[in-house]
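As written, the chain order gives the labels A, B, C, D, E and F, with residue 1 at the start of each chain.
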Amino acid sequence: MAEVLSLAVDNLISPIILSFVLGLSAAFLRSQLSFPEAVARGLSIYLLFAIGFKGGAGVAEHGIDLGLVATLGAAIVLSFGLPFIAYALLGALTRFNTVEKAAVAAHYGSISIVTFVAATSVLEGRGLAYEGYMVAAAAAMEAPAIMSALWIIARSGSGSAAATGLYREVLLNGSIVLLVGSFLIGMITGEKGMETVAAFIVSPFQGVLCLFLLDMGLVAGRSLRDNPAVLGAGGILFGLLMPLLGSAFGLLAAQLVGLSSGGTALLMTLAASASYIAVPAAMRVALPEARPSVYLTLSLGVTFPFNLAVGIPIYTAAATMIAGGQS
Amino acid sequence: MAEVLSLAVDNLISPIILSFVLGLSAAFLRSQLSFPEAVARGLSIYLLFAIGFKGGAGVAEHGIDLGLVATLGAAIVLSFGLPFIAYALLGALTRFNTVEKAAVAAHYGSISIVTFVAATSVLEGRGLAYEGYMVAAAAAMEAPAIMSALWIIARSGSGSAAATGLYREVLLNGSIVLLVGSFLIGMITGEKGMETVAAFIVSPFQGVLCLFLLDMGLVAGRSLRDNPAVLGAGGILFGLLMPLLGSAFGLLAAQLVGLSSGGTALLMTLAASASYIAVPAAMRVALPEARPSVYLTLSLGVTFPFNLAVGIPIYTAAATMIAGGQS
Amino acid sequence: MAEVLSLAVDNLISPIILSFVLGLSAAFLRSQLSFPEAVARGLSIYLLFAIGFKGGAGVAEHGIDLGLVATLGAAIVLSFGLPFIAYALLGALTRFNTVEKAAVAAHYGSISIVTFVAATSVLEGRGLAYEGYMVAAAAAMEAPAIMSALWIIARSGSGSAAATGLYREVLLNGSIVLLVGSFLIGMITGEKGMETVAAFIVSPFQGVLCLFLLDMGLVAGRSLRDNPAVLGAGGILFGLLMPLLGSAFGLLAAQLVGLSSGGTALLMTLAASASYIAVPAAMRVALPEARPSVYLTLSLGVTFPFNLAVGIPIYTAAATMIAGGQS
Amino acid sequence: MEIIIEAPLERRLTDALTQAGVTGYTVLPVSGGSGRSRRWSRSGQISPGGGMVAVVCLTRPDRLDSLIEAAFSVVERHIGVVSVSDAEVIRADRF
Amino acid sequence: MEIIIEAPLERRLTDALTQAGVTGYTVLPVSGGSGRSRRWSRSGQISPGGGMVAVVCLTRPDRLDSLIEAAFSVVERHIGVVSVSDAEVIRADRF
Amino acid sequence: MEIIIEAPLERRLTDALTQAGVTGYTVLPVSGGSGRSRRWSRSGQISPGGGMVAVVCLTRPDRLDSLIEAAFSVVERHIGVVSVSDAEVIRADRF
């Protein structure tokens, strides 16, 4: 417990978290500080490329093993399965209608890559190694949850989901392609490739992440500020409980697959995180009746800050305690 | 004198100044070279974040002392006071009407953060240390000058200033929040935080500053080119004299507060510089009758290049001569 | 031959090429991955500034000699001459009309600065030095080809070219001004200047180039995908033969001027490459009847990937074989 | 005809318009707005799903109805606004 | 109704419109322009004060007058242009 | 009057309009479109030659013809569309 607390405090006074807090505060103070859309997207392209490349280079260094396949399988199962749990929990805690519950559920089965990136940087700060292919697991978890949500809708008979071309769009959305692509590049070019680009993708990484989280704080803060009442107490409770529940399943899956403690912490983080890029775009197409203010405020305004500030230290501590011996 | 000259020449052939000159020349040659707005704003976000963080980390290293409070006080007094001097000088040199004189005066009481950044990089090139909290002084000087200008207008009875919500907007404008916020982050995370982000905010800093000054040269050059006659000889003279006058008051204040020679040079630079971001936006709201072409051309087209090329070396030389023994 | 092959394979599995391939694949898979325009332009500003500065600093280090003047002369003659060869080859291979042939010819007389940058990074990977002033040669080759194309049109009598103010616009277009300007800055500030900005323009260079080529792959892929039939077999053949032909003239010119093997490889690359920034914009003004889909697809979709993947290794191998003894 | 619609639907809308036989359209970026659903702004967003775009389409009056139908088939269940105003196109030979 | 106004006033204008009871509006970015005051362009600017935005607002004719008044209370002393044109809104049930 | 034209011609067009005596104009960025020539989009482009811009110009009806002529002298051989619609300008004293 003491370790969790020390981890949590350490985490809270890192430049990364404080940058997020700065953005959050600026939004609540109604400051006009803002990042141009192009800059925000440029930063996210950088982060995706860097994290993918690093993951691939890691795999190249350690060699591919069966663990990769097993982990991908576990990740996909998690992404398919978590929406059903989220849907049930939403039924217990909120009064959202079926379509909205399904839309939110899709977000929690999918993942937030920035949460993942923040977790890797916490691990690196602690000197905990993790499997390079965790990046591939992250990519694999983006899409399946959407199918589960559409399946829920189809079964409940409440409104049809417009899905022509949707699967293709989701599977080939920008972040998956960039993540998987740079992962492959890192894997193919290996150590030699890493050397040529390290000064770009490794050294300044933490600093770029700070700026990006500052922007995320602004966006999250504005979404919370503009939609204070849309969630209700039940909704907010869901946004705090679901990541813990998800991370428990992540822990279970990691144990089954035999991940290292670093990898376990990351799979827990992935399971705990909720999408706010790929899934919202898909929901606008497939389930337009669901209000974006509900699912964006939940995933960006509640769960994302929770994971960043409290969740990641918990998952890391749990992973080192339980999977500690394996790494 | 010889030292001033050597400083000036050194300064003139630095990549930073030459980049500015390149932008200026491109604008005068009517080249279509231009930076997208989002890129320019992205660069400025980077510079503000980096300079704030470095200042905060500096304070964390050396500890907070009474000097911080005294310097902030001096800075605020300067920002309140300088507009009255500027207003008087404008009365003597130009024929602008009251509203326009007040608007210009507000710009010269406030500060230009890029001029400040350029000065810190000159100091670092010379190996001169400065107080980390000078960044906070810069932030503190952004807004008070606006109040002085509105007070001048109110007293003169010439047109009412529309100021509903203006103070809040100015105090919480993007650059102040970013500067103060990153200053605090640097102060809280200290040396350890600095380590994690140094490769992003320290090493590439000079290079980013070059690109930014290239863009500033383009914008300044275009504003000079498009508004050649709007200032008149008196206006241009004001744009050259006012920084010298302001820096003299800055020197006085720095002596009273007991700043190091580096800190003195920076306070002189702040007093000498004129705003072209926060104050113009505030003037569009509060004093819409004042022509932007007047105050932007003056601050961006005349005073900014003057400070960059001639002013900073003078202030640095003066500071080392007068405050030299104290540091 | 074995060396060419090894060079080619090495080249093909570099992060740079693989990033381009990733972009190309994403475009063909109809992924929605895209770079905001401002980010793409920001990256290109960075690359131009960095490559210009490095070239200038290189000249400062080695001193200016007659080679510079001779090389500039050779470059200008190449740029004037190549369009006539391209025009003739187009006549033999395609059925484009006169205006379109002239427009395409202008592109192949001019150069692609990214191809040049990619070639310098291949040379650096091989430890081959090159003359810093090759950057100036690149800038010198941007514009003359346009005049040749207009001359061809004027002589053929087929449609008048609207050229008021065009030469000025082309000679002062953004990339030429940025390239020449940063070259001069690098030359003036020399080693000392380089030191202050190296962490920005040297270390992260390769990584930025990767991201930029990823975007180029997306743009090239989309232009190929959307205009599959516009070129015809003859057009595609032209896009593959013309760079080889051009590089042969580049080799000849380099021999006459006495360039090092690195410099020879670069002049061959310049001669082989086709413009897709400066010349298309000029053609929209001067020869609006020519279809952009023709010249953009050729230069960006065919010749650019060809040079990147196959051309540069060939030119480098040829240059080291033939000019090897001179460096 | 001017249609303001969520960005993720842009391609679906332009495809529908193309199938309905428009000769062309122009897409303008939108930086913010407000409607029944909420106030939003593009600044700082990274999600392409967050924004809106405006699609302007000049067309002959007799084609308008089929176009509106095509546009509606896409817009119907989504957030967005469709408006029509008179405009005289100068290079009318094109349409 | 279309209003072109200085960017620092955007929020004041949209607040005024909202108070005047519009059901929505859309903000378009403007990249440059020219008027009595001067020619300007957004490129390279970092100051949010430098630019303009275009605010488009579809509304029922009978609401127009109060809207124009609201818009004017903000625009009056500033640089900017207000224009009104007829447009038929297809999903009229919303307004 | 609204003109959609290739970006490299923007300055030529606005110069022509200024010479024809307009009191002002506004340039809006265009993010993509489609016409006879091809479908295009601005994303990822670095070439200023690749895009289009929309130039909006409010003017008095009696000045319109000379304006259209001026615009045409530039647009004629190029890719682009010119359209005119009625709009009432509120601050009409300016024009």
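Here is the rule we use: a residue touches a chain if its C-beta (ideal position, glycine included) is under 8 Å from a C-beta of that chain, and two chains touch if they have at least 3 such contacts.
Here the structure is a predicted model, which is why all the values come from computation and not from measurement.
S.K.: Average the CA atoms of each chain to get its centre, and name the chain whose centre is farthest from that of chain C.
M.R.: E
S.K.: Name the chain whose C-alpha centroid is most distant from the C-alpha centroid of chain F.
M.R.: It is A.
S.K.: Hey, how far is the Cα centre of chain C from the one of chain D, in Å?
M.R.: 38
S.K.: For chain C and chain F, what's the span in angstrom between their mean Cα positions?
M.R.: 33
S.K.: Can you check how far apart chain D and chain E are, centre to centre, with Cα atoms defining each centre and the answer in Å?
M.R.: 20
S.K.: Quick check on chain E: which residues sit in contact with 2+ other chains?
M.R.: 28-29, 41, 48, 85-86
S.K.: Would you please write down the residue numbers of chain B that are in contact with two or more other chains?
M.R.: In chain B, residues 32, 34-39, 41-42, 174, 203-204 touch at least two other chains, as defined above.
S.K.: Along chain D, where are the residues that touch chain E in the complex?
M.R.: 2, 4, 28-36, 41, 52, 54, 68, 72, 81-86
S.K.: Using the touch rule from the top, collect the residues of chain F that touch chain C in their complex.
M.R.: So the residues of chain F touching chain C come out as 6, 8-9, 12, 37-39, 41-51, 77-79.
S.K.: Give the list of chain B residues in touch with chain A in this complex.
M.R.: Answer in residue numbers: 36-39, 41-42, 45-46, 49, 53, 168-169, 172-174, 177-178, 181-182, 184-185, 188-189, 193, 196-197, 199-201, 203-204.
S.K.: Residue numbers of chain A touching chain B in their complex, please.
M.R.: Within the complex, chain A contacts chain B at residues 13-15, 18-19, 22, 25-26, 29-39, 42, 125, 203-208, 210-211, 214.
S.K.: Taking the complex as given, what residues does chain D use to touch chain F?
M.R.: Contacts found on chain D: 14, 18, 23-29, 53, 58, 85-91, 94.
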